[in-house]
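We call the chains A, B, C and D, going by the order they appear; numbering starts again at 1 in every chain.
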């Protein structure tokens, strides 16, 4: 019978996440990649192939930006390609790395994510307006935050969730980020701060939202044989999943991310996880907005529909809670250079499962973690399940 | 396949739009040093990779081959050789150029790299691969720290 | 080795320095213009808007009536079968109140945006539009609304031929 | 079972060695894992046109997908789990074009992803996903709606490095002119030989009902055409086309159930040279040399000129066909032009190259170009290429380059029985 190859993460690297960084995209990608290689104790010549994740070209302002980033990603004269699934890219690119190795084609794979949103000037917001349908949506003067506010409001309405409950996520994540050395917006804030912050698109307020950022992240993947040679502490990618829902988002009920559930089920099945709530020790769901963390906990089957706010209120998702969620500080605290932010989550799970997360370390020797990202028109879910 | 198709050409609709907005690009860590030297001193800098024994022009933060960080900057020659060239007759919008542009890849002496730039002060028929050329800089007060601070490359004896 | 790494790379630039030209940069505005072919479904949709009507497509297999119209059924993967007019009235599925314009600048008067499930289309099938003649606080989930159209002479065959949707009394 | 199948296959002396190696390999690997073979089991194509104003890109994709699933005998909603689509945002006029793909190819609420590259990269991605055990049946989509683009060269210019190259302006295809000049200089190939490529491909396209730019022209016609980027003339460049290709892939056992003529993916390779114009190799297609090396190793090909019967390779510009033939080690460097002149690369020659008409004859359909080439190899290997059918072929190769200003390319080796 066909037996799957196991794939391990053996190194990770991250740049600072900031509103503007001086480095070019290539230089950012290089810094993260170099750090990942160094941490794995590998050289570029040990790498067989490279996969890159990066969100819209309209941020960096380079058409075919994957081609521009070849050298920064360490792909000079190597098999190299870029995957792109909107906001889901950052976690998805780890999945792409997985199939490069699991297919048996390569023993090692560099997985790199880069975003330089500050090139889109004065605000990356313009790039977001071009994600919409040019006939149905763009003529209305649409703004990216509109659609998330619509989704958030629907979610709140269906389950009767209050803004106070949602704000707790922002408080927690920005607080967690105080311990993250790369964080852009770490802060000690209160629920009142969130509720009193400027209204952007009701019910979305300033402190419900992650910032725009520049940054890069990278991990090194290796086959079982190689992983065992280079480290005695590999973290295995045991399950990968991804799923896209219909383009026609106004034809769907936005209260629940079915596509995240579909992606999670794919990954859980592969990893042999039957009861995610019990078996997963630490989770990094995508949190560009605070309500998304709750939404995604439900999609990841970490709780029942509508139950995530309650768990949050009870402190279950705190770093020292029963199910630590976004111990890194998430996008709300660390920042959101789209694809790099997603891969940052994979890096965090890697560090957590290795017990190397320092002040961010969740207690109790976590063995299984999940990272998840979300994107496109509220339609993409990508999930990676990792074990130590 | 669709059960209906458009059969009357007057029924066809198009929707126009664009993806145009403003961008600013930082020059990067290596790029800033490179363009500062061009702007202030009309000097061309390269970055040396000791491991691979290459001098990159334009300079880079890292060696793409061995991935070492490069921090040794060296001044290189303003002269080089035409490695290849072409004569462009059309502009970006497809219209015919009034004056054809001679583009060339110029290998700067003793380095890895050089410039893809325009040639000036030369007839397009006279350009040859292997021809010696030299960078012509804008006047200092006009230089802004961009690749355009080099006006073009011109033939030298 | 997050705990073991002391320094993380990245040289920060203040947005103000960028704004005020203290950081050397190259500027560019791309040329990227398009004329997207609207195709069979959307050409008809736009023509109907110009006449003050909203047209949908129906899939005979699943029975769904969908708008915006499409020539394929995404769930059955087969061609849709027929054109169906739907009403310009409906209910609010979800809404939000925007203080931000498309370019992220701040609006004095907010725009209320909503997903409106149209009468005559299948349940849950809505379109995005803006609301008018209503205060943000008075908007409710499930509220009935009706399209307010541009006058015939001003319509161009665009989604903006509907100026906005406004609340109407329960029928 | 697998061994039996292998032995049952006709083992020609030509590839006996590689088969033997494969069997030895198989027993060795069996302890650890068993790698799956992957086949193309269905293809669908809209055909290529200079313009498709009556259809949206969604309707174009729906047509190709419908045809591909019909060809494979599968229902995408029931049978297909994995989907890969290929697009670049600025070709489409959308940021995150991934959003607009699932419905019309049957992928809603399924496992779909976008690879921002040519369709051939997408095919390789799908191949890897199946080999890794993620799916049994998968579909790959690539399309071009080039006629939706009003400022093609402006968008290509936007791909240039923003700091070092783009500010100089100009039509970015000067890069092709630079490359052509250097290639001709290094190999002593001539403009006439390049013109022969154009004549051959446009003529081949006359027999291809999918092609948009078939023509019966002479070498003089090409040489006399308007100079664009000397030595590159108007007819040396392939014109843009719209079109869509969808393909269905399946793992070995499933593939055999679905069709009597699975086309096996024997080897894949892809590679990128430096993105910097300043340090790139201007005379050689390093990306394709390395990609071919990888694909040949996987497919057990030691003598490409002999072991491969048919080539569908990138000819976005006439000289590229010659350069790529040499990069593929089909002939020695500097020989491709001569072989073309002598007619060796004609459809009935010893080395048939671009029997479909290539991009010069079919049209350059942006990221669909690679799949157009794979499509031709599949049809040829199935024996369904009608007037274009090359006789007695067992192995075919498709190759693509990602166009100006990139230095990236991919190669695939396909086999019939």
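In this section, a contact is a pair of C-beta atoms (placed from the backbone, for glycine too) under 8 Å apart; a residue touches a chain by one contact, two chains touch by 3 or more.
Quick caveat, the model's predicted, so the values are computed rather than measured.
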| item | value |
| --- | --- |
| Subunit D and subunit B - chains in contact with each | A, C |
| Of A-B and A-D, pair with higher C-beta contact tally | A-D |
| Label of the chain whose CA centroid is most distant from the centroid of subunit B | C |
| Separation of subunit A from subunit D, taking each centre as the mean of its C-alpha atoms, in whole Å | 33 |
| Subunit A-subunit B separation of Cα centroids, rounded to whole Å | 36 |
| Computed distance of Cα centres, subunit C from subunit B, in Å | 41 |
| Subunit A and subunit C: spacing of chain centres that average the CA atoms, whole Å | 26 |
| Junction residues of subunit B - those touching two or more other chains | 1-2, 5-6, 12, 14-19, 21-29, 31-32, 64, 92, 146 |
| Interface hub residues of subunit A, defined as touching at least two other chains | 20-24, 26, 58, 61, 63, 71, 76, 118-119, 121-122, 126-127, 130, 134-135, 246, 248 |
| Subunit C residues counted as touching two or more neighbouring chains | 11, 13, 18, 23, 26, 28, 30-38, 40, 42, 46, 70-72, 74, 79 |
| Contact graph of the chains (line, ring, star, complete, other) | complete |
| Complex interface listing, subunit C residues touching subunit A | 1-5, 8-15, 18-19, 23, 28, 30, 34, 36, 38, 42, 45-46, 66, 68, 70, 74, 93-104, 110-111, 113-115, 124-130, 136, 141, 158-160 |
| Sites on subunit D touched by subunit A in the complex | 32-36, 88-90, 93-96, 98-103, 107-117, 121, 124-125, 127-129, 131-134, 155-156, 158-159, 161-163, 268-276, 286, 290-291, 294, 298, 402, 405-408 |
| Sites on subunit A touched by subunit B in the complex | 20-24, 26-27, 30, 33-34, 37, 43-45, 58, 61, 71-72, 74, 76, 118-122, 126-127, 130, 134-135, 138 |
| Interface residues, subunit C side, partner subunit B - complex | 11, 13, 18, 23-38, 40, 42-44, 46-47, 71-72, 79-81, 157 |
| Sites on subunit D touched by subunit C in the complex | 52-59, 62, 69, 75-77, 90, 93, 102-104, 106, 108, 145, 147-151, 154-155, 157-158, 162-163, 166-167 |
